[in-house]
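Down below is the structure, laid out as structure tokens.
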Amino acid sequence: MTEEITPELAGLVLDAQPFSALLGARLVEFAPGRAVLEVGVREDLLQQNGFLHGGVLSYAADNALTFAGGSVLGAEVLTGGFTIEYLRPAVGRALSARAHVVESTRRRALCRCDLFMVDDDGERVVAAAQGTVALVG
Amino acid sequence: MTEEITPELAGLVLDAQPFSALLGARLVEFAPGRAVLEVGVREDLLQQNGFLHGGVLSYAADNALTFAGGSVLGAEVLTGGFTIEYLRPAVGRALSARAHVVESTRRRALCRCDLFMVDDDGERVVAAAQGTVALVG
Amino acid sequence: MTEEITPELAGLVLDAQPFSALLGARLVEFAPGRAVLEVGVREDLLQQNGFLHGGVLSYAADNALTFAGGSVLGAEVLTGGFTIEYLRPAVGRALSARAHVVESTRRRALCRCDLFMVDDDGERVVAAAQGTVALVG
Amino acid sequence: MTEEITPELAGLVLDAQPFSALLGARLVEFAPGRAVLEVGVREDLLQQNGFLHGGVLSYAADNALTFAGGSVLGAEVLTGGFTIEYLRPAVGRALSARAHVVESTRRRALCRCDLFMVDDDGERVVAAAQGTVALVG
């Protein structure tokens, strides 16, 4: 049996990731089948044209998918892999990576993540991801 | 006509990415159809179990794919998206992301990237990626 | 300017695909941002264990994604690529591949497809796909 | 312990797939870490513009990846999912899907597949795929 993860425990797991701390990521929502991660835009997260670096988007997608999968499978999960497709340059005040479980079995969860750039005048999808999260062992 | 990119120019592009500087990424090889990016393992790049964070691997895959594509298409390229699959926990001294062009047309390059963890006693593949790089506009 | 595609025109395009005829695929829904393709299960579409072959699912995902993208971009589109993840063996009476546009720009549409197996007692997701459709030229 | 698969056994598995028979697929090479599947071009495998249908390419990629994974993991494997990217219209006399294992653990194999169209005057890559094959159970 897997232990249910509370939003508090999920937040502690994120805080225990030094790389997430380096990027300033926060878990702003965590519920069964759903996880939302936010990263505020900072100068040191950009690429050469002033857009948020694709690597920040792929980090956020990876992590949000994992937390969404963990919300239904428990804490002992690994992301097997994922796909991300970029649609627009990532410009705005913050990145919001919103992941949900499409469907799950006892050992695997198929998850998707929509990546929004949020600005003062609204938000828009800039990328989308899909991946599979599995129980370890 | 696209302008050919020299290794020096490619290095300058990487240096112009604040996020790559934050992660300490270096372009250790750049030739037509090939690009190798290295990231030394540091405490602040890890996840909660002491492995290199998946987001660092996906960053390196994304960027190495883009540089490999740019090596044949020119500097004005964007990565449309990519897939990464993780096979093993990423443990070692440094990450080496080795990308090459599988095939290209005038406007698109299909690229792959093997992600190795390098340690004092050798190296091993921990993940693999594939993506498409396209000319802008 | 792209020409809008009516459901009738979309149906004619599908009928003009000999491979879709071979598989008995039908376009059961077509609206702006959405396309649903159905394939009835037949003995000659199975794999060695009696499940619907993964290749039928990937065919349906590919085609449904393309029609969904075409519903917003016009008839002159190509699917650049897609990802499909399998969650369960595909058992049932028919496959229903339900694709929708997540977000689109003038030239590209980011689409997803949920693949359901439908049986007399209900339906369930067996796989999920994501891909990008682009205007030709 | 997994049982090693001989080329003869692998051929029997392919022959036991009704969908592979419908498409006329043949396993022309099978060795540890490698599998090559061929599909001759026929009128009923095309799409509306006279190219080989993307669904035939995705079928071949899926199946070749699975056989390559099975060559190192044994017969009881499933493909968890895969990505395919199309680079050019598929024109020629036959499709050759050449898959190999990039790296494997005891339970999973990370595989890639290059898809060539073969014609009387040569061959060229038209698509490329990557996926993961895993032991069942």
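All chains are identified by letter, namely A, B, C and D, in their written order; residue positions are counted from 1 within each chain.
Following the convention adopted for this analysis, a residue touches a chain if its C-beta (ideal position, glycine included) is under 8 Å from a C-beta of that chain, and two chains touch if they have at least 3 such contacts.
Source: prediction; values computed, not measured.
Engineer: What's the farthest chain from chain B if centres are computed as the mean of the Cα atoms?
Structural biologist: Relative to chain B, the chain with the farthest C-alpha centre is C.
Engineer: Across the interfaces A-C and A-D, which one involves more C-beta pairs in contact?
Structural biologist: Pair with the higher count of C-beta contacts: A-C.
Engineer: Per the centroid of Cα atoms for each chain, what is the distance between chain C and chain D, given in Å?
Structural biologist: Whole-Å distance between the two chain centres: 21.
Engineer: Nearest whole angstrom, what separates the Cα centre of chain A from the Cα centre of chain C?
Structural biologist: 27
Engineer: Using mean CA coordinates as chain centres, what's the gap between chain A and chain D in Å?
Structural biologist: 32
Engineer: Which positions in chain A are in touch with at least two other chains?
Structural biologist: In chain A, 80-81, 83, 85, 132 touch at least two other chains.
Engineer: Residue numbers of chain B touching chain D in their complex, please.
Structural biologist: Going by the criterion above, the answer is residues 83, 85, 87-88, 102-105, 108, 110, 112, 114, 124-125, 128-132.
Engineer: Touching chain B in the complex: which residues of chain C?
Structural biologist: Checking each residue of chain C against chain B gives 80-81, 83, 132.
Engineer: Which of the residues in chain C come into contact with chain D in the complex?
Structural biologist: So the residues of chain C in touch with chain D come to 13, 16-23, 43-48, 53-56, 58-63, 66, 78-86, 127.
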